[in-house]
Each structure stands twice: as structure tokens, then as C-alpha cells.
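The data blocks that follow each hold one structure.
Next, two complexes with chain A in common: one pairs it with chain B, the other with chain C.
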Partner chain A sequence: MATDAVRAQVAAKWQYAFSRLNRGEPGISGLMTFSQAWRLATEFLRPRVLTDRSGSHIEYNADDFRKALHLINRCHKLPALLETFLDDLRKAFKLVEREVEQHMAEYERTSGPTIINQFIMRVLEWYKAWAPPADLGNTCLSTYTLNFQTNLFSILPSSFPPAFKALCASTLPSPDPDAKLDDIISSESFWSAAEMLGLMDRYDSLVASVGYEHIEGHVLSTCAGQWEKPVLGDLKNWMADKMIPWMLVTYARNAQTTEEVRHLLQGVGSRFEFHMNKTLCDLRTREIFDIIIDFPDSMGALQDLKECLQRVDQRSALVQSLRKANRKRLLHPGADTKLILTQYVATIKCLRIVDPPGVLLFKIADPIRRYLRERPDTIRCIVANLVGDDNTGDSLVDENEPIQPLQQPDVDDYTDPNWEPEPIDAGPEFRTNKPSDIISTLVSIYHSKDLFVKELQVLLAQRLLAVLENDIEKVDKERKNIEILKIRFGEAALQVCEVMLRDMSDSKRIDTHAQMQKPSVVHPTIISRQFWPALKTGDLVMPGQFQKLQEEYASEFHKFKPDKKLRWLPQLGTVHLELELQDRTVDVTVPPLEAAFIELFSQQTVWSMDELIEVVGSIDRSAALKALITWVDLGVLKEDVEDTFRLLEVAEDPSAESRERRMAPVTPDVAPVMGAQQQQAEKIKVYWKFVEGMLTNLGALPVDRIQSMLRIVPGYDQTVEQLTMFLEAARREGLLTVRDGMWKLNR
Partner chain B sequence: MEQITSPLVHPVASQKSNVSAQEQPSTGSVTKRLGNELMTLMMSSSPGISAFPKNDGNLFEWIGTIEGAPGTVYAGLTFKISISFPFNYPYKPPVIKFETPCYHPNVDIGNGAICLDILQDKWSAVYSVQTILLSLQSLLGEPNNGSPLNTEAAGIWEKPDEFKGQVMKHYRAVE
Partner chain C sequence: MKVTVKHWHAVAQWRWDIGNNDTAGNEDDDDGDVCGICRVPFEGCCPSCKMPGDDCPLIWGECTHIFHMHCLLKWIGTAASKQQCPMDRRPWVTAERKV
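Our next item is the complex of A and B:
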């Protein structure tokens, strides 16, 4: 049961509410006018079906509405009115929903963006029709807008965003350069509609992605594989001509002044420009390996890349990409050393353009250099290129590059006013090799230039020994080469080469003198053993007349140079022979072994290969066989039984004649000079001798002790690991045994 | 090499007053000569003789190995010797002793001392470790019975069987 007090309270409340609505009017007339006004206002505001073309607001007088509004306001009932209105709006949204469904269904059938455009326009009509009049104030309008949008977004199906995106994309300028800008202008109404409906805010990232994708598509389609000319400028123009107008319509429709436009476009504009740079940068990063291959026809791409990298921080991505490409396409056993070197040089040149301080180069070159160091023929390849011993013709070194001494990586000169610190992404082991030339860089693959000088000697020896008599021109060419190389490697390093060249001219002089004393058909090249690389000595003994010729010449030489001793290397050189057979003469120039064999056939007509080998000294069978086959090919010998050869005094089959003509003049083999690689093997042999001596005298030793003892050997540079491997190898060959870590000679 | 020279400077310096300038090469050049001799010895493959420094820090103390030449009573036996180079090598000969007991007319069976002219008054700077080792190897087969250190051995040299018995009695194989 309600007490009196409660009853009194309820009565007071009732009275208060009533008096507020009745506003002190007599009776309930105030209440009556209020309810009239309320009805009018709610009816006025109620959302209606659009098809009602008579216009929803016309039947009510705007003045009446305003008065009613005023009355409601006086009764403090405006919030309630607004609430009622929004409630009505929610209920009425079914109408919109139906249309949404219709349009989306239509779109899904045709997938034409125009339907979406129509749809948006239609929704805008709804929005405008239902909007409360301005009398209700801005708060009311914005609340309405918010509610309308919320309702709209809640009913938009998931297929709408892609459709909207497609529509946005359709407003973009077509890639056709002749297309007019009208399309963009005409889309202005669409953009305003989208903005009013809040679609711009909601799908901001979608709109931006349309821009990004368009830029990306344009960059990829116009720039991929186009490396000759820089494209960045064209791209910027394209942005200004095509993208900016679109951006103006999209983002800065309502701007009044240029200042305002600038403000509105600042953010999105720089994002788009960044994206353009990034897309180009990514593209070039993917293409970098081929760009380097194409160098110098890809200058444009490199300049673009340089510029892009300054805008976009993709340096590490570039390094990764190029390293990966190199690993996959370059640094594998299938690639020719020459090719790797060429690509390396191109890489150096390219990356100097992209990144002058050389940090990128350092990071990318490292794996290449390490790989090259492991290749056995790298030095040979570089040296061959240095002396122009290339059949391919294209030199690693730019001929216009001035010849300069090899440069050592120099220490930073901090007193230099132009000194700059290392770039921030430089690693701790980064060395600036600023303007060093290509050759210095190649030579620096190895820790010392000695290896190069050695290989150079070997190469020079081979070439000089291959020079045929009287070919002054070739010797002069070598001399010129050496002069150039002296500038690079320094006078001292090439002293040996100098001696070798002098030996050549001295030989000539000595020979002239010897010939004057006693004419001989022998024209030796006399070399100073100390200065020439180790030549493979064979045990070839020239038989018959050759032996005699050699001896005669040697005695003449001894008269001329009593303090010198002539040691023949009979397996080198060539012999010009004229064979007089019964029915024909054969005139050929052959290597000495061939000559030695055919000389023997003048003593007896049938020889077995073993006999031949025995007479000329121990040579290996394959060499012997090769020499004999030469004569068989010339139709001079015939292999009757296996390994037994007979001289054909009379040509046997008619085709021999033709075969003879077919035979190219026999060229001597490349002089068997030991390469640097073999010299390395010689060094290992020295180490073995020491290990052997040590273990003979000191008994079993642990590897550490062997290592420390080996330091006695001059030039010993192996690590314990290398030594262990070496010892293991010796163990496998049965030379050593190991027990409890103690190495012992196996006896 | 630096490690070697430093402790050796002192003795040379102390001898300065009584050693003539010619006979006093710096230890550096001695080391160099010994290094060269080692290299030559290692690279020449003389059968049955070998020598090597005891420690990597000291080139002045070597151990040598001599195998008895075939056809002599020492055939098949291996003898260790110690070689100790003076600081004024090669102006003075190295001191050489048999470490393996060697029953031989010119070798002291007790302390291993050797009586060989080129190691004493006939020494010349042109000799090397290799020539010494070769001389020792031939000395084994052809003793100089004129100036024996081991008179008993010199006495029975003409009786090979008895001599061989004595050799084997004293010989202890190198481990």
C-alpha cells in the first residue's frame, strides 16, 4: 500500500509535468496545443517512401512546423522529438534496405560500376529526403547523418566494398594518353555523394588503395624491362598529368584556394609519390641482376634506382635480392670464371652509380669475392685478361681507364675537410675503396699481389716459349704488356718478367753468334733457370741426328759462354722435318716427340710402342700414342697390330694423300709450365718433407707440436685445421698412423 | 725466430772480448744458416740419415737419426744422435754424441762421444749437417781403427761375428 507521502510525491511530480506541458494555460488547453504540435512535428519529420513524388514536406506548412517546434522546445521536449524521429528512421530504413538488395543483385548480375553509382545517387536521395530541416539545428542534423550512416553501413552487404572499389577505379584516368579529363570531372558528383554518405571516411583506405594500385599498374606496365633511359621523370609527369586531377576531384573538391588544395593533398600526395618510388624501386630490385648484365645499356635504370633509394629505404632489400640472384644465377659450378668476373666488374660499375660510397657494393661483392677465391682459375683468368690473352675480345678493363698503380686501401684522412663518415648501414668490416680502379679491386680479391705476379710469370713463360722463331713482333707485344703491368704492379714485382724478356733477346743474340761460328739448324731459346717458372722436365732423349745437333750446338755455346752450361729441354719447341720416303716427301712441323719417333723409324721400319718409349726415355704412353697417331694421320706410319707401328715407305691407300692435305699444321702444345696451383702443391710437398723429418727424429708427436715445429719452415701459413686435414690425407695414403692423438710415421 | 735470438744474445756478448770479429757472427745469421741447412736436408732425400731441431724455439739443438748402411754390421739398426750447435757455428763444429749406445771403435760406449776428424781439427765451415751425417753413416761401416775410443771394439773389428754380437748386446732399439 502506498503511503500518503508516496502518494503526495507522485502527485507533485504529476503536477510538475503537467504544468510544464500545459504551460499555465487554462484547463488542459496547453496540453492540447502541445499534443497537436507534437503530432505535427513527428508527422513532418517521419521518413517517407520516396516514390511519393508529391513531396513529403509540402503538405505541412513549414511555418506551422516551426511554431510547433517552438512550442515543443518550450516544453523541453526536443530530445524526445529527436528520439522519436530516429526511431522512425530506423523503422523506415527497411525501404532503403530493399533498394540496396535490388541494386546489389543487379550489380552482381552485370558487375557494371554504373549500377553502384546509380545506387549511391539513389541512397543520397533518400538521405536528402529524410534529412530534418535546418530549423532543428546542426546537432540534430549531424545526429541524423550519423544515424543514417550507421543504418546504411549495417545493411551494406559484404559484396559492397569491392563494388565500391571498382567504381572508384572506374573514375581513374584511362591509360590512354589521349583520353579527356571529362570523365574525371563528371565523377565529381559521385565523389560528393560518397562523401555526404560518409563512404569516403569509411572506405578511405579502399580509395587510397585504388590510387596505389593504379600507380603500381602504370609503373609495372610502362617501366618493366625499360632500362635504357631514366623513367622517373616520365613517371613524375604522368603523376602530374593524370593522378593530380583525379586526386583533386577525389580529395580536394571543396577547396576554395590553392593553399587549401595544397593542404588537403599534402598527405595523400606524398603517400602516392612514395608509392610510385617504392614500386619502381621494387621493380628494379627484382630486375637488378639483369640490369647489371645489360650494363652499360641500363644506365637509366641505375640512375632511377639511385634516386628511388634516396626516397625509399630499400637498400637492404636490394642487397638481399642481388645476393640471392647471384647465388642462384652466378656463383655455381656451371658458370664460367670469366663470366663471373665480367659480371663482378659490371656489378662494381653499376653499384658505384647507385651507391657511390660503396656500402652496397661491399655487401654484395663479398660473397662473389669469396667464391672467386675458391675457384682455381680465377687468377689465371684475371691475369690472362690483363695481358690481353683473351680470345673473346671483350676485356674486363675499360680501355679508357688510365693505367695506374695498384691502390692499397688507405686509412681515413680525418684532416681532409671533405671527409665524410661512413654511411650508417655500413658494417664494421666495411672498407671504403673509394675511387680504386677495377684491376685494383680484382687483385684485392686475394690478400697479396704475389700470386698474380707468379701467375703472370707462368703465363708469360708459356707465351714466350710458344713464340716461333723470328717472331719479334710477338715478343715486342709481350714487352709492351709488361711495361703496362709494371705501372700497375710496380717495377720490382715484374723484375723476373723483365729477365725473361731479356732472355728472349739474348737467345737471339747468342744464336746469331753461334750460327756464325758453325751454322746449325737448331735455334734454341736460352732461358735462365732461376728466373723462369719451374718447367716440367721430361726424360725425353732425342735420338740420332737430333742428339748430335744438340751436342754440336752445346759445344758452340760453351765456347761462347764458358761459365754457363746448356741444359736441354728437348720436349719443348717444334721441329721442322722433311721426310724423304720412296715415293714421296713429307714436309711438316711437329713437336719434338713426334720428330724423335720418326727419326727412330729411319733405323728400322717396325717398332712396338714399348720399344719406342724405352729408347726416347720414360714418357707416358698417352703422349707417345698421341705422337704416333699424328704420323698415322699423316699416312707415314701404320698400326698393323695393336701398339706396333710400321713405316709406310710407299703410300698405302689413295686416301692417305687427301688426308695429308686435310691435316692442319701440328701446333705445339702449350708449354707445360707449372701453374701457381701446382706450385702450391710443391709447397705442400715441402711441408711433408718437414713432417717426415720431424717424426723420424722426434718420434710420435701430437698435432699441436707438429704445427708449432712447422713454423721453422719459411712461409708456412697453414692453420691447425688445414694441417690436420693434411695429416689425415697422409694417413689415408698409408704414410702415417695416429694413436691417441700422436702422429707417427708408418714403417 | 725472435724468441730464439733474445736468450742467446747474452753468451755472445760475454765472449765479445776474446773472440775475434770474424768468428763472431750474430746469432741471427747462425739461425739463418741453420734454417737453410734444415731446408736443404729436408729437401734432399738422402736415405738413412735425417735430423731435426728438438724444439721449434731453438734451432741450436737437433736430434739426428742414422740408419746403418746395408752390408755392414750395423745394417737394420737405427741410431739416434744429438747435435748441439755452438753459437759461432759454422766457424766451430757442432758437438755430436750418440744417444743410442753404439759399440764402435770410434765411439765412446759410455757417453756416446765420437772421434771423427772433421768434428774436431779438420772441421771446416763448408761442412753441413748433411755432410756430417753422411760421414757418420760411413764411419759406422768403415771405422778409423788408428785412433780408437773403444779399443776393445777396435780389437775385434776383424771378427765380424763377434763384433756383431757385441753391437747387438749394447744396442737398444729406438722406441
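Our next item is the complex of A and C:
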């Protein structure tokens, strides 16, 4: 369909092209010289097998090539030449590919990084051999480099990056301190080869990761479990001694001046240093629980952690990790309350070092405090520790810490010129936790210190009642304790304890007087009942001579203090007895119930348990059994038939039966003093009648209403929460039902 | 068998001897009587005292009413009292203790 116009156009084009190539030479001689030049140039450039050194480069000398090039350039055919060259390159790359395969196969067999080194050197040789001469200009060279690299990368197998990484790692300084730096220097050629081939750019992150992993390995191997001394300084020295030379070779080979070096290393150097800090920080975060256990032997680790946390933002990770560790290792039923408290105190001390403002502490302490609040024996444990009750020796309280009053959380004082706002990551409920003493912190687990004072009272009562009246030292020790606690809790709170102590000294005085009037074996502790915690009272009636002794002493007391009289608490105290039996005497100190029983056996040698219980008043069967078994154990009584005991005037070998009986489950010894919680329950029980009456008359009531009505009752001092707990308990016993918050009698 | 008590470390509470019959059935009066003025048990102490017992004694009226001495004296000291017993408004006369 060639029209004339098209034909003319094609002719014109052809003419133009021809004239350009022929350059106006006569005939087609111009064309001939051009094709000659073209052939020479392409032949010259063609990539060849490296081995035939004899080859073409020598055949064509550089001058001819330059002339040919000049000719081609005049004909504007350089781009075409370049294209042909690159095409040839692509075709010739099969040669490289074969070698790649060979080397990689070799590497996979031996997995020695030197193979890879050889391989890279070999590829560099190819690269250099095929490079076009400089006459072609920079553009040409860079196009060649780009194409060579593209081709190279496309044929590198997937196993190459790990191999390359292994090679990089082999250039690192060995952990052996004696290793010389020569190894690093020798690897310089490798690094320049890698850079020339573009491997550095392509595998930049790989090279960096080699550095990271090396740092990580070093930190983990040298610092794990080393908590005594700070290690950060050593690590920094190590970085300077070992890592910087490597970095110099790797990243700043070509630098001429120190300024340049600094510039080149700035980025990577700070990244490596950050990584070192982060690795150490992560390590310490993982170890934090054990670090706290080891406190104060782990000061170094804590200081490191503090420094690291300033560089690395790992605070939340630390909180998470420690909270998790606490949950897993501390806050479970298997852990002793004492242990939890000790660890809590150590945590406080440790985190004060790591984070003085206390934000971390607040976040970590919260679950511990909540857990402790749920434990029934926490207060007892703290109080026992306060008065030095435990003999384990490791007190929660630092002996050197000055005794100071409990600190209340104080409100921000905005007129203080040194006032600082809350730290930025403080939680919403964060209270500025001023470095207060440990006891204040422990007491603040609970909302009020009253609970502590109550528990303290109970504890003191137990200890005082155990004191024999002539043991002044012990009373003085308690007095000293109370004096110390007064400083903490305030005078008023411990007034009751003061009365208890005075009762002790009064008893002593009264007893001295009474003994002078009429000597007696009875030495009572006379207490002011309003000031002692509720004591276990029962209906024990002391039989025989005991009652006589009591009465005699009571009348003596009445003579001395005419306006007062005594009321015995027969369950409490101890009796030192001597039993004269036919063949032996038994000298023991026993509780009063045991004494009462043995007194009865002196009147009649065989008793059944029920008879015994009837004579001494209504007491627990289990308590009675326990008392009797005490005597069976002492070989004074024998249980012939079940629940029937006989006095052994003549000793008998304990029979198998009695041994068996000895194993019988005896209920654990109940404390003579009711615990604070028990007292609380006793107290609120009084109000049950009121609640019952109220609900009978008014039907269902919400708890608030019950509370407001109970307030009218004199002496009612329970909070709504306590009342709710009480109502809940009543519901569990089936006395009440609740629906939609309305309490109703269960009828 | 002969049982000899060599030493008895007993525990007892003291009570004010306020003349009520304590030979029987006194197990129930665990709460004890309270002072009509301060509502604190007699064995406790009046609001201005810290130590109970001899430091904060009771006072008996002819009208048989009993108070903490400090409480009553404070009451008598006010003009509004007109020197009367706060319970029955009869003139206060301190009774001699018949011990």
C-alpha cells in the first residue's frame, strides 16, 4: 500500500542515514571504513573467557580502537555500540554463572567462608576484565557497572546472602583478646572488592546485622548474671577496642582524614552503640526479678539499667517483664507472705535506684499491693516484723533507717520553687511517691493504719499473756518496742497498748502486795478488759483446790482494792504442777484445762470424757481431747475404752492402742486471743438482731438504707463495705436473700 | 495421786465492785455497765483520762447512780447542772462506800 508520499519519506530517511554513515566520502568507502571500525570496536569490547589471556585485546591495539571509536562517535553510533556491548555482556554472563554455581556448590560442601572470599575475588576479576576502557567515558562505565551488578545479582542463588554474612562475620575480631588486628587489615581487600561489586550497598543491612549480632553475642556472654559491678563501662571500652577497628575497615576504608572518618562512622557508630545499650537493657529486663532477689549484691546491674534506660526507651518493657515475673513467681499461693513482703521491699529499693521519680515502682507495685491486701496474714506479718517477732533475723526494716512517723501522701506544694510536674509516663493514679521509709510504704498498702494498730494490740496481748510475772525483762522489751512504734504510729493510736503494759506492772505490784499478806502459788496477770483485745472466754470452772486458790486470792485482792473485784479467765495462763504418783513424780507446766482434768483424776481414778466435760463446764470436745492426750503422752493417763481414761498410779508401757490414739487428729491450737478479723465479725454479729427486726418490719431494703438505720444504734461504727460483707455472709448462711440490691429475710 | 500446785500463772480481769450480785449469772453482763454521762464502760476511762482503774475512779451517789468521777465532777461544775444527778435530777449527794 505504499503511496508515493511514503515511498518518498522512506527514501529520504535512507538517504539521510546513508550520508551520515558515509560522511560524504566518495562511493561507499565511508560506509566501508565505518563498518570496519564498528567490527573492531565490538570485537574489542566483547567480554571473553578470562582464561584466554592470549586473546583479542592484544590483537587490536588501543590506538586502533580509539580511532575506530572516534569514527563511530562521528557517526553518532556510540549508543548503538554500547547497546551491542551490553547485549554481549548479557550473553557472556553465562560464564560467570557457571563459576557462581561451582563456588556455591563448593561452599555448600565445605561451608568455609574463604570459598566465598575466593569467589568474590574471582568475580572482581571478571568485572575488571570486561570493563570498557576509560575512553568511553564515565557514563559508559557506570552503565556497565550497573548492568554487571544487575546481572550478577540476578544469578546469585538464595544461599548467597547467608554465605556472605558468614564471610563478613569471619572478618570480625575474635573474642580472644590476644588475637591481633592483622586479620582485620587483611580483610581490607575483600571489603573493597565487595564495595566495587556493589555488594556493600545491596547487603548493607546484612553487614550491619553482622555487627549487631556480634555485639549481642558479646554482651550476652560477658554480662549475663554479672550483677555485682556495672558492666557498661567495660562494654564501651570493648566497643572502642574491638568494634571500631572493624568498623573502620568496613565503613571508612577510603577516608583520608579523621574528620572524614568521624563523618562516615557517625551513623553506624551510634546505631551500634544504641544496639549495645538495648541488648544490655533487654538482658537486664529479662533478669530483673533475680536481680531484685539478689539486691543489694546486684547494685551494678541496677546502675547499668538506669543508664541504659536513659538511652533506650524500654521502660514499658521493663514494667511488663517484671509484672509478668512477679505474677508467675511471686504472687501465687505457694509463696510465703513474708517472702512476698521481702521481695516487695527489695523491689522498692531497686526501682528507686533505677527510676528515682517512682513511676516504674508505682506501676509494678500496684499488683503486688493489691495481692497483699487480699492475703489474710499480711498485716500480721508486717506487724510481727515491726516488733521483731520473727527469729529469722532478716528484718524488712533497715536497722540504719531512722525511725520516723508514718508519712501521709502529701498534696503538691505549688509554692515550692523546686516543684516538678509528674513524669511524662506517669499513670492517671500516680501519686508522687516521695522517698519515704519502708514501713510507711507497707502500711500504706491498707487504707488506714487502724488495722495495724488492732493487729499490734492482738500480738502484744498474746505476748504479754505468755510472759511470766517475774520476767520483767520481757515486759521491758515490749515497752521498748511500743515506744518505737509510738514514733511511727503516733501516741494516741497506741494508748491502748500503753494501758496493757501498765496492767502488767500493776499486776506485778498487786501480786507482791498480796503475797506479802498471804503467800499464794497464784500469780495472776490482772488486765483492764476494755483495753485488751477480746480474749477467748469460756465456761471453764476450775475444780477442787484450784477454785479454792482462786477464791483466796480474789478475797485478798478485794481487801487490797476494796472497790474492785477479780473475774478469772480460767482458760488463760499456765500451771506448774507436781504430781506424786505411787512410783514416780511428774513435774510439768501445763495449760489450765489440763490442770483441771488432772485435779479431777486425783479425786477419782477413772473418768469418761463426757463426765469430765460436764464437771469443768461446757468446753469443746476437741479441746478436752487434746488436754487428755497431753496426759496420755506424759504417761499419767491411759485410755482403756474409747473416751474413758484411767489414772496410771504405776507407770505402764504405752500400749499400741494409745500410740495410735496419739496420732488422732487434734485440732490445731487456737490462739487465746481472737484475731482482728474474728473480732470484727464478733462485733458486727451484735447488730444482726437489728437487721433482722428491720427487715421483718419493712420488708426488702437496700444496703444504704440498712446502714443509715443502723447508725442510730449506739456504738455502731461499721462502714457500708463491712456491712455488705456481713450481709453477704448472712446470705451464704441462708438467712437473707438479695435481689436487685434489695436485701430480704429468707423465709 | 496427789496434785501439788507449785505455781499458777493465771489471768484475771478486774471489775469495779458496783454492788450488783455477782454470785450467779454474771457471765452475761459482758458489756458491763456504762457511765451515764460519757457512755464509756465503767472499766474504761472517762474521755479526759488515758489510764483506767485507780486513775479514773467511779463515784457513787445516794441515788444509787454511778458515774466516772471525772465525768460527774465536770457536770456538777456546770451551772446548768444545779448540783443535780443527771439521771434523776435529785440533788447529788456522794454516797459513802460501804465496803
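The criterion applied here is as follows: the second predicted complex is superposed on the first by the 664 of 747 C-alpha atoms of A that agree within 3 Å, B and C clash if a C-alpha of one lies under 4 Å from a C-alpha of the other, contacts with A are read in each partner's own complex, and residues count from 1 in each chain.
The rule is short, and it goes like this: a contact is a pair of C-beta atoms (placed from the backbone, for glycine too) under 8 Å apart; a residue touches a chain by one contact, two chains touch by 3 or more.
Here the structure is a predicted model, which means the values were calculated and not measured.
J.: Touching A:745 in the superposition: chain B (first), chain C (second), both, neither?
T.: neither
J.: Could you tell me if A:539 is touching chain B, chain C, both of them or neither one (first, second, both, neither)?
T.: second
J.: One more residue to check, A:475. First (chain B), second (chain C), both or neither?
T.: neither
J.: Determine, under the contact definition given at the top, whether A:524 touches first (chain B), second (chain C), both, or neither.
T.: Touch status of A:524: second partner only.
J.: By the touch definition at the top of the document, which applies to A:606: first (chain B), second (chain C), both, or neither?
T.: A:606: touches no partner chain.
J.: Could you say whether A:698 touches chain B, chain C, both of them, or neither, answering first, second, both or neither?
T.: After superposing on A, A:698 lies in contact with chain B but is clear of chain C.
J.: Is A:714 in contact with chain B, with chain C, with both, or with neither (first, second, both, neither)?
T.: A:714: touches chain B and chain C.
J.: In the superposed arrangement, does chain B or chain C reach more residues of chain A?
T.: With both complexes superposed on chain A, more residues of chain A are touched by C.
J.: Report for A:563: first if it touches chain B alone, second if chain C alone, otherwise both or neither.
T.: After superposition on chain A, A:563 lies in contact with chain C alone.
J.: What is the shared patch of chain A, the residues that chain B and chain C both contact?
T.: Shared contact residues on chain A (touching chain B in one complex, chain C in the other): 714.
J.: Using the touch definition from the top, list the residues of chain A that touch chain C in their complex.
T.: Spelled out, the residues of chain A in touch with chain C are 465, 468-469, 495, 498-499, 502, 506, 521-531, 535, 537, 539, 545-546, 549-550, 553-554, 557-558, 561-570, 572-581, 587, 592, 595, 598-599, 601-602, 605, 647, 649, 714.
J.: With touch defined as at the start, can you tell me which chain A residues reach chain B in the complex?
T.: Within the complex, chain A touches chain B at residues 686, 689-690, 692-694, 696-699, 708-714.
J.: If we count contacts the way the header does, which residues on chain B are in touch with chain A in the complex?
T.: Listed in rising order, the residues of chain B that touch chain A are 35, 38-39, 41-43, 50-56, 59, 62-65, 80, 174-175.
J.: What residues of chain C sit close enough to touch chain A in their complex?
T.: 1-17, 22, 26-27, 30, 32, 39-41, 43-44, 50-54, 57-58, 97, 99
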